[in-house]
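For clarity, chains are labelled A, B, C and D in written order, and residue numbers in each chain start from 1.
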């Protein structure tokens, strides 16, 4: 069978959208609102062979801890309809190695650098942040608060607004850079969670992290993922994510970064209209590595086509009959 | 273009799987564990032209209230990737009309009849149940507790374990038939919710109801659904639903009925292995009307192929390395 | 078409005989496809009945992922086809009247079976067919050979066929003329919502009966999802209730609709 | 095949020249398809390099929705193809050795480019090819004409080709013979996990080096998802770390793997 082919070729040279797409979040200026999501772009450099990192607004690194983590046993991922489950187990090289081995090369690119940070105790968050404070060229931190708090019964920090606020406040004390707190959708009220971390001093919110899911192999009767449950991501969760951004936008006044199933410019626009000042491309990086760059170009096209002087005019521009 | 066609033809005559697929839940015997989900099969009769209702384990009706409801303005539905959002607004003919116009014909079929009941106050639940108590041939009730409690700030009953327990206990006082409480996935802990309604006297749990989502038309910048947010259903939410059943199974000892994205026998088996004594087919009825009947046949095949004397052996048979 | 719109023709052989009436529709998707999930509603355009099988045709405008999936079908591919669904046009109402068929966009296919029946009943029938451009006048050749060119009036936005502008313009001219001649006209219409609204207004202004075939987003097409609501006048306190486009329609009398509330 | 397994051959023209090494793979899916979402990993089977384009071939077993989507491709369809990815087999290690290629199931395609290189380097090479049935011996004809029939040893479960049973049986006989003759053998292997485990055990028992090409569920194939973890021995306290099959492999030295922990 002869089949012609479209290979993944390098993107055309940087197109400068200048101010059209620039956004400011927590005092940091981003050339555009398109970021890559934590855990879906490695430490950024891993994508350098496929896309021009200079064209991204920011790169959120794989979750970093003070000490390296080995991660979960395989299988770690399974595809579901419209999405995938993952339980990587936060495997990472540790904050020290990130600074020594990744940061110098990453700094060479135009994209803002946002380490994603996690811990199983508040002290571990602090430890990671303190190490990262010594690194140069970092623009903000993103706190993954969806990890179990081992000192408080093993429930996730995100499950309890008080614990979410506590870790936020603790990190704010030691961080000299803006802190973006990443919210979990696995809560009864995203508004309550958003307000709690806003009051605790968060500079911005990113949302959503994955929804907890599970998949079972009906032949072996075992979970398909060694960790039993995993995080659901991809287009399947997009409607949940848009709803969360919409609800958070009405609950807080700090900027929001929208995440969840974003694969096209239309997806990105939904989040921006719902109230996001920036968006992150996650799972789409896996199956469509140039998705983020096409979104950058698509946003510029949309602005021009709709006569917008800046993408900022679009943020939270949802029309409701009220 | 000449294209050959498979039309939706009536199913072959009833195959009696006798005891192989029978399950008992709250003292009620069901010929098989395959039910149709509330809001996705009308009042049951609407599907009689397409499938043999005698072959279903049970039919959960469209949500019923004491007085008829007109429902939401259009648009009420929108398709998303792997799923759909709906905000029908609980349009229904009311419990009286159900008893007078639907129940007599529905009783003629072998499927168990389970009216799904909702209210915006506890009194409205009671009102609907009291009307339904006068109907003959009803086997159990399913309580939709995902409606806003207008007397308690407009948050859903399901969002607060205490309110969920309260409505359950109140209904249990007046219901002479088993009460199945339908849980919402939009909570921080499905285990807490499950335990709360179990303690309040629920005879069984069904889960999950839809996940709250939203979709925005980027050209009009308006929500695609008139109600702004809607309930996400379909294969997209299946991993979330399987996880909820798994978590509820470890939290309570009353039987569970699994719901969420079930479209094939493999899907149904995942839920049963996770701990469900029965399952409901929802959104799949829309795009694949005979899905439920194929699942009945598929379950029987699976049992025979795996040498099971009864599907009951499979319930909660998940293997974990612990 | 010159407007950039694209259309496809789908021809299916159904493996049994079916009784299909003008205005009814089917819910379609490629066999076994899971994306998109939901079937798409399409009005029957042509039907060739047979004892053991039925040949049916649909004309569809390619507007999104569902119709794109239909466009990827190739000969011998299988299609899931649930139908016929919905209520057909009321043909009795046309007795002793002149008929004006008013169609726009991809609405004209829904009127072709009706036109055939009207011709069979020898009811004087004219077609008012509008579209963005010449290529958007779906089924123009078939309608023309059925009704005769002198009974087909077209309007295109870009002026590439018939008058420039909306089809309701020649329609109104015709209605004025018929009314001057004292002849009663019945309107059957299918097309985009703005056109139907205009047709409904014309029918109200002139007290002419009109049957409109509506569209709505449909999950099931057979009455169980209640997603396809349309407000219909009612004697209840609010003055309207929601009916289902799929099973209560898709054909409604214009004067029954309570569009103003939605 | 008689075992009920189905296979497809995918031939692609890539619009630029590519440097592809034995054991590397590509991530594939039909262009624009959204279901399934993720691309599927496939080892290059054949490569015809050219100045402006490259012709590549893959043999795939149809096992699920991703490979079924590949099977629905028709001539002139476009495919998204990310590659070449991963580390290739270490060919230097074969110098002055006998080579045993051990393949099972859909693993043999991954060894054909390697076999071509070994022949080019005039390294004595034998193939041990196993499968459920005759029709499951992927690429048998190509391997036979490349290596010569006397150097191809097959085993099938149903006995329809070669010996009945597992391919590790003729492999062990051969290794025993070579060891008796004092000849050093290097094993390259690709196939289902149980076969690779057996090959790894044989390589350990006989202290023979073996390079194994592994499979793992892959979301990205290029190192960013960390979904494709495999335990690899390490001097850390736990004795192992997780490496990525996609970028640290897919080829690993058998003695580096810490399979027992997983």
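Annotations for the structure displayed:
Going forward, a residue touches a chain if its C-beta (ideal position, glycine included) is under 8 Å from a C-beta of that chain, and two chains touch if they have at least 3 such contacts.
Keep in mind that what you see is a predicted model, and the values were worked out from it rather than measured.
Looking at A-D and C-D side by side, the one with more C-beta contacts is A-D.
Ranked by how far their CA centres sit from the centre of chain D, the chains are topped by C. Centres computed as Cα averages put chain A at a distance of 35 Å from chain D. Taking each chain's centre as the average of its CA atoms, chain A and chain B sit 34 Å apart. Distance between chain C and chain D, defined via averaged C-alpha coordinates, is recorded as 56 Å. Separating the centre of chain A from that of chain C, both taken as means of CA atoms, is a distance of 46 Å. Counting partner chains per residue, chain A shows two or more touched chains at residues 81-83, 235. Chain contacts: chain C has residues 34-35, 74 touching two or more partner chains. Those residues of chain D that touch chain C in the shared complex are 34-35, 74. Within the complex formed with chain B, the chain C residues making contact are 8-16, 18, 29, 31, 34-39, 73-83, 216-220, 222-231, 238, 241-242, 261-262.
In the complex of the two chains, the chain A residues touching chain D come out as 1-9, 39-42, 46-47, 49-50, 62, 70-79, 81-84, 86, 88, 91, 234-235, 283, 285-289. Contacts from chain A toward chain B in the complex involve residues 80-83, 85, 159, 186-189, 211-216, 218, 220-223, 228-230, 232, 235-240, 242-243, 246, 261, 266, 269-270, 273-274, 302, 317-320.
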